[in-house]
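As structure tokens, here come the structures.
One chain, chain A, appears in both complexes that follow, with chain B as partner in the first and chain C in the second.
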Partner chain A sequence: MTGGEPLLSVQGISVAFGAVQALAGVSLDIARGEIVAIIGPNGAGKTTLLNVISGFYHPYEGRILFQGRDRTRLRPFEVASLGIARTFQNVALFKGMSVLDNIMTGRLLKMRGSFLLDAAWWGPARRQELEHRAFVERIIDFLEIQAIRKTPAGRLPYGLQKRVELARALAAEPTLLLLDEPMAGMNVEEKEDMCRFILDVHGDFGTTIALIEHDMSVVMDVSDRVAVLDYGRKIADGTPDAVRADPAVMDAYLGVAHV
Partner chain B sequence: MSHTAVPRPSASVEASPLDAALDTFPKLVLDNAQRMPGRPAIREKDYGIWQTYTWRDYADRAHAIALGLASLGFARGDKIAIVGDNRPQLYWAMLASQALGGVPVPLYQDSIEREMQYVVEHAEARFAVVEDQEQVDKLLSVRAQCPKLEHVIYDDPRGLGRYRDAGLLSLADLEARGRAFGAAHPDYVEAEVARGAAGDLAIILYTSGTTGQPKGTMLSHRNLLATAKAAIAQEGLTANEEVLAYLPMAWAGDHMFSYAQSIVAGFTTNCPESAATVLHDLREIGPTYFFAPPRIWEAILTSVTIRIEDASAPKRAMVRFFLAVARRVEERRLARRPVPPVDRLLYALGQVLVYGPLRDNLGMRRIRIAYTAGEAISPELLGFYRSLGVNVKQVYGMTESSALVSIQRDGDVKLDTVGTPLPGVEVRISDAGEVLYRSPGVFVGYYKNPAATGETLDGGWVHSGDAGVLDRDGHLKIIDRARDVGRLADGTLFAPKYLENKLKFSPFIKEAVCVGAGRPYVAALVNLDLGSVGGWAERRNLAYTSYTDLSQKREVQDLIGAEVARVNASLRDDEALRGAEIRRFLLLHKELDPDDQEITRTRKVRRGFIAEKYAPLIEALYSDAEYVKVEVQVTYEDGRTGTVRAEVRICAPDAAVAGASRR
Partner chain C sequence: MAQLYAVLIGPFADMAGAPLFLVEVLIGGIASGLLYSLVALGFVLIFKASGVFNFAQGVMVLFAALTLVGLLERGVPAPLALALTVLVMIALAFAIERLVLRPLVNQEHIILFMATIGLNFFLEGLGEMVWGANVKKLDLGIPDESFKFAGVLLNKLEMTAAATAAVLVAVLAVFFQKTRIGRALRAVADDHEAALSIGIPLRTIWVVVWSVAGVVAIAAGIMWGAKSGVQFSLSLIALKALPVLILGGFTSVPGAIVGGLIIGIGEKLGEVYWGPLVGGAIENWFAYVLALVFLLFRPQGLFGERIIERV
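Entry: the complex of A and B
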């Protein structure tokens, strides 16, 4: 872990849906340049935590600091413009649009639009689109999806849709990338590919990554640090090896006799 | 660096002086850079855009790499492994090593670690230039077994930022080192190029080998240049050709077409964006000169057939009608008989309605010359493309002959022969029926394997290992691998590959293996084409979960049964092979895979291995059993192994025959 101020600091947040306490006083720091995995059994509150960070939900208590500034109550598009991009557990692409266009939507926040100029495809509008297209082409090359550039996203197999989602998130040039179960429903080979892409994104762009994952071997391989949630509480936080040996984690995963 | 080429309006472009001084590839490239600096030499689709490099760029980039290699102590005679998809940088690295008197050794990019280790170790490569992280990982993991390998140089730095292994450096770093070296040693590369001679080794190509360990075929500059020039002269190739370099760089064909001929004739080589985009890139480039092994021609035909099946009924009827017209016309043309006026009119109409649009759609509109090589192709398949107006011709050759022995000449094509020998090539048939040839392109020998060299090379004549005949007009006809041709128990001639190619003409059959030597009848193991059979099943609302499941559906077995019956019917016209009908077949429960060593990396069936691995299945084909249980080891792409269990049904071409033969 690097010293100094964390990139993202979640401080004692609690979220409830009616009587269900989804998160209870969870704190988590993510340092610049880290890969942090958030794990836990079903219903532990992992996705809720991600949704809070990306502004879909707002906590009723606690604070979120990003790059040292309080931004607890920002809305999703404001969070996005701060440099936080995410992918979703259930793929959320524009199914009828081509892969290329889907990824281009990731650049929207970077585009300075003028309706008339865009419509006329003239001057700065044209130059801007070409620049963004060139950037998107680098991502397409990076994620090795050249062959499906023009394919409608809805026609792709699931594993590739996940990759396109990652591409769209990368197109926003995020400082912090949130991945919600990037490997759910993939076969071994697709998982290995995705692992490699995650490590490459981290290695080549220096992106800080927080990911939720169920597959323990993946988690242990890619992450620098693992945070474990159970029933809305954080029960462990440390290096993969330390977490693996933690008795509380073993209880949560393997189960103990609750009398 | 990359800029759009400006064709110079000069006559020198066309005139390629076959100067004795230009006796190596580096010298020829320098000459090209002098004579036609602005013409495109090689293109690569990168970031979605075709980047063009001229002959000037080609020479400059190779020069930069050569300086970098020299700075690392690259000596004359050093071997350099080249691994990756077809990339300009890798072709330049080949040229760079040749400029320094070294020998490039291209490897198949999908080789697994153990195969890669064998070649790198056997070739004693001190250097390796590879495309990306995937190849770097493989080389680093076998490095302990390859003590001679000192430097691994990569082009694409993605994912490699964290690597700290000794001797690993990027191409950019290599060129930076080279600049410093070049400043201290001016004209170093030029002097090394001048020392090169025609007799120097130009390349070692490891043949994938359907038996045993691969052998390193050594070819000299003289071998490759003589062969390239002979073919260029016969085929009338010019500096205006466009080729697509998409077949493995380790394959002799790619080396001949994308490297040797491109440099000698000065035409443009185009590198596709990735292996998955080849058919798309083909359409964008519209090559004038194109080569593909039969499996690619088959794959294209299959995709066409699927699309025709999916089209609306009137369109389907129209396409079928005009394809039938084209077949009739082509048959008459090949037989050199006049085409009736009605057909001539219909063909012209078909040209507008079907053939032209189809050729355009496939990226074959500009093709002047296309080749099929590497394996026998069925006459039906060849006829299909020729009838559409695509000038596909058969080529025969092998690594040992610098890729080429014979080519069908324009206007003198017979569908079932591989044409006449190239100028300078002598062909004769041994008493045992084996094809022998002698030419300036004949290889120097197998690297560090004089025993194998002695077996193959006999007084300048190469034993091809193929059984063949020369017909009245001097056309060479290849029947099969010499050792594969056999006889049934009753003495009937049995040529497995001939039957397999007929089977593979069906869009539903991807691969087939026929057995029958010494047996009472011929039987076949069939591999479905998952794409087309899957589509067929979908159209019939036939649910299936996997390849294995699909292969054991009765409906699918009946479908293939009809295809087998069709092959049997076509055999009845052939005197020699009439008795070799396929009486039993089964649908394999898994696809044949190079990772399981069932087919080679160039997708040639490894008969001996299959006979051993599937012995219980083959026995069942000659028993009364209706089902047979199998359990087979499979190797996944990451090298792990697993077991597939299945129950496979023994089928007969049609139900009536099945009942009779089961007795």
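Entry: the complex of A and C
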């Protein structure tokens, strides 16, 4: 981990849905420029953790600091405006809109100015739209989706939808990017592409990334650090190699004999 | 043969024979078409932003008109009364967001639709409780009389209403098509969660569209109210917006405009030129028959998003 204060600091958060304890006192620091993988068996609370960070759920206990300031009770759109972008496990694209428009929506927060100017499609408003359009085209090139720019997102195969969702998140120029199973349901080739994109995003834009993933070879290749959740608790946190050798992690994945 | 002639050729011969009269009929059609478009736009905006088919749109028209007339009757000067009515409709939008939409977020569309039916009855009752149920006259100070322009006979009241509707429709269309609000609206309509994640404040968007729908309802209420008095039947004009929506597509702003004009012009032409053949009153059912035909052959409407089914 690099020195100085972490970009994101999750401190002892607990979330419950009725009687189900989804997260129990989980802490996690993410340093600027890191790629952190969050792994764990099904139902371990990985997605809940991501939802808490992005403001969809609020913990009943604990706090979240982003860039050193308390961000525990922000709502999703406020979290987005702080520079945290995310993708969803089950792809949440705007299915009726073209790929280009989907990615443009990622720029909404970057757009400023009066509605009247917008309406008149005049002067600064027009220039602004064109600037954003140029930025979006760069992302489209970057993720190699030029060929499908005009296609409605709902008609794309699943693998490409995931890529478009990543593009929309990138369009917001996030400081912290949260990816919920970016490679779920992909074939080997698509997974390799996605791996490359994640590493390129990290390398070219310096984006800090937290991702949930099940594919262990991917996790080991991509991440600087791995945090393991089981039954709502963090049971391990360290380099990929250290985590792989951790007996508690083996137990969580392979089951443990309770005598 | 004679019947075929009467249906297929006679009416067109009549049109060609009296072009000035044809222009009058067309203008009348455009005038009422613009009003249909205005009401339909109220539906489209809310449908786009929250995926809700707002059953209460018609009652919002009645409620707005009742409030305005009620204030006028109590001696409030007209500009102030109008401003107050706008405030009431905006307050209503806030209340609807807080009490109806927010608790039902991410529910099935049918549940939200049912909620607007409830809203419909609530507003109807509230309006009559506060302002009374008798027919009220709304006098705009524009005489309901005709004048001749370039040999064409026009009605002052109708022309004023049409011009106002045209301006409103144009402003709304540009506002929601060309601005980033338009993109935000489409995003919200498509996927609430995703819209939140890219930083769209859902609640603000909802309050905005319901407020705009409320203002549209005021405009429609004033225009229809001036024509036929402020009374319960005002809430039924929303029914006329249904065929407009089916024609234009539920999600399309240009569709609502073009759909309204087609129905306005179509029913006037039908009434005047083909009406006598079937004993008149085409105006009452023309729009619905046209809507049925569209449902059979182009269910997504002229401009609606295509319904794609994967097999």
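As a working rule, the second predicted complex is superposed on the first by the 257 of 259 C-alpha atoms of A that agree within 3 Å, B and C clash if a C-alpha of one lies under 4 Å from a C-alpha of the other, contacts with A are read in each partner's own complex, and residues count from 1 in each chain.
We take it that contacts are C-beta pairs under 8 Å (C-beta built on N, C-alpha and C of every residue); 3 or more make two chains touch, one makes a residue touch a chain.
Computed from a predicted model, the values in this text were never measured in an experiment.
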Overlay on chain A: chain C relative to chain B, clash or fit: fit
From chain A, separation angle of chain B and chain C (C-alpha centres, steps of 10 degrees): 90
Chain B versus chain C as contact partner of A:L130, first or second or both or neither: neither
First, second, both or neither for A:L108, with chain B first and chain C second: second
Partner, of chain C and chain B, that touches more residues belonging to chain A: C
Which of chain B and chain C A:D141 touches, first, second, both or neither: first
Partner chain(s) touched by A:V20 [first = chain B, second = chain C, both, neither]: neither
Chain B versus chain C as contact partner of A:G154, first or second or both or neither: second
Chain B versus chain C as contact partner of A:R196, first or second or both or neither: first
Which of chain B and chain C A:F77 touches, first, second, both or neither: second
Shortest span in Å between Cα atoms of chain B and of chain C, once chain A is used as the common reference: 8
Overlapping contact positions on chain A, where the chain C interface meets the chain B interface: none
For the chain A and chain C complex, residues of the former touching the latter: 54, 56, 75-77, 80-81, 85-86, 88, 92-97, 101, 104-106, 108-109, 111, 115, 118-121, 152, 154-155, 168-169, 172
Contact set on chain B toward chain A in their complex: 46-49, 133, 157-159, 161-162, 273-274, 276-277, 280, 636-638
Partner chain A, residues of chain C touching it in the complex: 171, 174-175, 178-181, 183-184, 186-187, 190-191, 193-202, 251, 305, 308
Interfacial residue positions of chain A with respect to chain B in the complex: 133-134, 137-138, 140-142, 144, 146-147, 149, 188-189, 192, 196, 199-200, 203-204
